[in-house]
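Shared between the two complexes below is chain A, which pairs with chain B and chain C, respectively.
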Partner chain A sequence: MGNLMRRFATHFLLSIILVGLCAFTAIGQEDKLVVVGNNSVPSEMDMNMLTSVLKGEQLRWKDGSRVSIALMKTNTPVGFSTCERLYNMTANELNKYFLALVFQGKVKAPTFFNSAAELEAYVSQTPGAIGVLQNTNAESIKVIRIDGKEKI
Partner chain B sequence: MVLSVQSKILLTVLAVVLMFAFFILFYYPKRQEHYLLENYNSEISNYANTVALGVKIALTEENFEGVQTALDFVRDDERLQFVSIIQNDTLWNSDHSDYELHKSVFKSYPENANVNPYAVSDDNFIVKNAPFSTQIMNGEIMLSFSTAEIIQGRNQIRLASAIASFIVFLIGLCIGYWLAKNISRPVLALRDAAQKVEQGDFTQSVITRSRDEIGELSLAFNKMVRVLSLARKEINERTEELTLAKKKSDELLLNILPSETAEELKTTGEARAKYYESVTVIFTDFKDFTAISRHKNANEIVAELHRYFSEFDRIIRKYNIEKIKTIGDAYMCVAGLPVANETHPFDAVNAAIEIRDCIFRYKKERMARGLEGYDARIGIHTGPVVAGIVGVDKFAYDIWGITVNTASRMEEASEPNKINISASLYEIIKDRYECTLRGKLDVKGLGKVAMYFVHGTKKT
Partner chain C sequence: MENLNRIALRLSAICLLFLSAGNVLAQDTHIRGFVDLGANLQDDKVGFGFGEYDLFITSELNDHVTFLGETVFRYDKTMEHEFEVSIERVIVNYNYYGNHSVLIGKQHTQINYWNESYHHGRVFFPTVGRPLLFEYDFIPLHTMGVALQGLNLGKLKLGYTLLVGNGIGSKEVSDNDKYKSLTASVHIKPAENLQLGVSFYNDIISEGADEHGFIFPEKTNQQIYTGSIAYFGKKYELLTETSYLNNHTASAGNNGSLASYLYTGIRVKDKWVPYIRLDYLDFDKYAPYLGNDDTKSVAAGLRYEVNYLLVLKLEFQHDDHDVLGSMNKLTAQVAIGF
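After this line comes the complex of A and B, so read on.
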């Protein structure tokens, strides 16, 4: 009885640990972001270049096509995560940042989407478009490796 | 100062044109400038509102297309001075009991624009604000446009207005001059023609081609002048006839009356009898005229008497002697009236001598033609008479008194182709004429009276 209880307790503890590990793994997967791009966009770039592109500091790709930024709206988890991790800004700061740039005619403002499918469609159809998603299976767009990683 | 019709019309038209020109020059540009400014303000307000709406959508919906498109429009406008996002912040005091509204420039285009968040419009710039409110930011879009275009537009309007008003003035001046000339010319022609008509020239006619009231007036004037001309012609003819008739009447009157008496009769309607202290009365009478004329018809008798008496008339007229009347073949005239003179005895004797010579001459002529000649007795006497007109019908100037009677007796007592005068006349003329005393002869009603034959003037 005592062994049985000990074994049950051991299994229960292991199970809890396993579930916790799985949950941790899942949460970690959700925080990861994937940068996707049109064919005009280079397949690889480093984080600095990505930040520079996303902040509107680089307006054209090497092939001459114009940079078009596609983002999920900041009220979505991906959008929120993009603000924090890639722009290091709050949603309001991001909007004010781009409002200032657009106001002064410095950049073409990013296009914000409610769904990943819309963003994928936009990126696939817009030359020079680059977007940030949580994940993608679309074949018409390519995943840009940042610092050698597909997910950042 | 009297203004002519032409001047009045010209001034009236010019006054109207000037009012219109001033309207074009001042009122019209003011209105246009007002509309221009209103449209300009409205346009800029619309821009500001559109940008503000775009900002609001961008900050709430994360859709920047609207603001981007609106700003593209604004930035492309050359009149733009700056466009700014003014951020309004409420600054509370430490105990949170009061606050202050603070305005700050969030962003501007162009970047280097020096923007005062409290700027208002002035002569050089028009500033428009359009507020927006989001959870992220409250503020307003401030848009500033240059007024250079308005000023340029206003100047163009003023220039165009000045040119237009000048052209209107010129056209008005021409029209006014043309109108004044066209209206006043026939009026002046009418005036000139009327003045000439007034001076008696009825050949005047006004030529007009217009069919308006002035044309009708001209036609009426021409008709009036024609009628006046005809009336005047008729009056002239009648006047001429009357003058002729009056002349004949006067001549006739003078034939039967002395001129002074005729004038008195015409002037006062009557002629008073007048006493003359001394006149000389002549009587002539053809001897046996009735017996000689018995074998002749009336016309021949009258013609013969007319011939003699006409010559007698001519002779006595020469000596200013007044013919009184003829009674059958007797001829009576008097010297020394109606205007008294002192030469009447001599005038009468001279005339009597010429009459006697005339009778001689005519007798010789008749006898030369195988006809019987006439002889005439002539008697003359000097003395007082009363002269005047009696009766109302067929009145005649006549003389009365003992002198007339005596003269007649002198003629009766005379001999054929002799001039028999009284003693009183003889005493006056004896120094100038050859006379022969006949002695005292018995005269009916007068008794024995001394008489003289006058033969002629004395030879000096």
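After this line comes the complex of A and C, so read on.
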């Protein structure tokens, strides 16, 4: 009986650890972002270049096509995460930042989307478009590696 | 007749708006606007009013060419119960290579950070109003002309503007003389949220030129040198700019005037920003059109940012004018973007 109790306790403890690990991994996966782009967008870039591009500091790619930024709406989990992790801004700060730059005539505002499918379609159809998603299986767009990684 | 002209102008503006709205579906056109409402207490009297009603249009004409228009409706001080329409910016931007563009049209002279950043959107202003140097026509706010502009170049994110325009005394539709104004400005962003800039302005103003009602009595050679430091971080905000204006005339020779302001704010509790702004104007007594009203001013206020489209400000301002004397003013403002 005592042996059975010990085995039960050991299995129960292992189950808890396993569930905890799975949950941790799942949360970690959810937090990851994927940068996607149209054919004009370079296949690799470093994080400094990515943040510079996403902030509207680069107007054109090397092939001459215009940079178009595609983001999930800031009230979606991915949009929220994009603001925090890639822009180091709150959603409100991001909106203010781009409204000010558009008002100064310096950039075109990003296009915001409700769903990943809409964003993927926009990126695939727009030369020079770059977007941020949680994940993608779309074949018409490419995943941009950031500092050598597909997920950041 | 004047009334008919005014009505025609308004109808034209309305037609223009409808035409623009009709094209929204055909091309990527956006119409936005800004307005501010306020109340102030001055000389034991409380008054309510609204400031400028600013309509702002951007449109993409093709992959390289964009349009920007900014039109302001404001109370006309010269006509009771009347409003004037003022076209503040009309810019066609041709992005010809990388981050380099040609800008053609009426633009806010790229002479300092404030004039190039905030335009007529009070929701962006860190304080209730502009620094005092704007009220005295110390710098030319607008220039009608052609500019070469570059942005975010290299590691220092260098930006430049070289603008050739009609200059002081000219109208939006024509130049009053053969001389052209030249504005050259550069800035760098050596760190996140920090911008350092300098600019140079040169113009030859003809005898008889009319600048906001002041008639220049003789030919004047004008230069303006400006330096700017701007830092808007998550917690601290700092903006300081100084302009030195030199006017040269045959009768008075060189005379220099100085205008500075310093704004600083600190963000507390996410949405609250207490701030202070100091203004200093030191006019040369021979400087034409500036008057001789040397001024020192301090403004202290509190800004509450509900969100990026709605900002509330409460500000107390004390001015010491050499000519006009001392003035105190308490202002509350609601600034909106829509």
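Rule of thumb we're sticking to: the second predicted complex is superposed on the first by the 152 of 152 C-alpha atoms of A that agree within 3 Å, B and C clash if a C-alpha of one lies under 4 Å from a C-alpha of the other, contacts with A are read in each partner's own complex, and residues count from 1 in each chain.
The working rule: a residue touches a chain if its C-beta (ideal position, glycine included) is under 8 Å from a C-beta of that chain, and two chains touch if they have at least 3 such contacts.
Please read these numbers as outputs of a predicted model, since none were measured by experiment.
**Q** So, on chain A, is it clash or fit between chain B and chain C?
**A** These partners clash in the superposed model.
**Q** One more residue to check, A:Ser52. First (chain B), second (chain C), both or neither?
**A** Only chain C is touched by A:Ser52; chain B is not.
**Q** Is A:Gly148 touching the first partner chain B, the second partner chain C, both, or neither of them?
**A** neither
**Q** In the overlay, answer first, second, both or neither for which of chain B and chain C A:Lys108 touches.
**A** In the superposition, A:Lys108 touches chain B and chain C alike.
**Q** Identify the partner contact of A:Arg66: answer first if only chain B is touched, second if only chain C is, both if each is, neither if none is.
**A** Touch status of A:Arg66: second partner only.
**Q** When the two structures are overlaid on chain A, which partner does A:Thr74 contact: first (chain B), second (chain C), both, or neither?
**A** In the superposition, A:Thr74 touches chain B alone.
**Q** Mind working out whether A:Asn92 is in touch with chain B, chain C, both or neither, as first, second, both or neither?
**A** It touches chain B and chain C both.
**Q** Specify the partner with more touching residues on chain A, choosing between chain B and chain C.
**A** C
**Q** Just checking: does A:Ala100 make contact with chain B only, chain C only, both, or neither of them? Give me first, second, both or neither.
**A** A:Ala100 contacts both chain B and chain C.
**Q** For chain A, give the residues common to its interface with chain B and its interface with chain C.
**A** 92, 95-96, 99-100, 102-105, 108-109
**Q** Provide the residue numbers of chain A that touch chain B in the complex, in ascending order.
**A** Residues of chain A touching chain B: 73-74, 92, 95-96, 98-100, 102-105, 108-110, 112.
**Q** Tell me, which parts of chain A touch chain C in their complex?
**A** 52, 57-60, 65-66, 92-93, 95-96, 99-100, 102-106, 108-109
**Q** Could you list, by residue number, the parts of chain C that touch chain A in their complex?
**A** 30, 32, 56, 58, 60, 63-64, 66, 68, 89, 91, 93, 95, 97-99, 103, 116-117, 119, 121, 124, 151-152, 157, 305, 307-308, 337
**Q** Quick check on the complex: what are the chain B residues that touch chain A?
**A** Listed in rising order, the residues of chain B that touch chain A are 55, 58-59, 62-65, 67-68, 71, 75, 83, 85, 106-111, 135-137.
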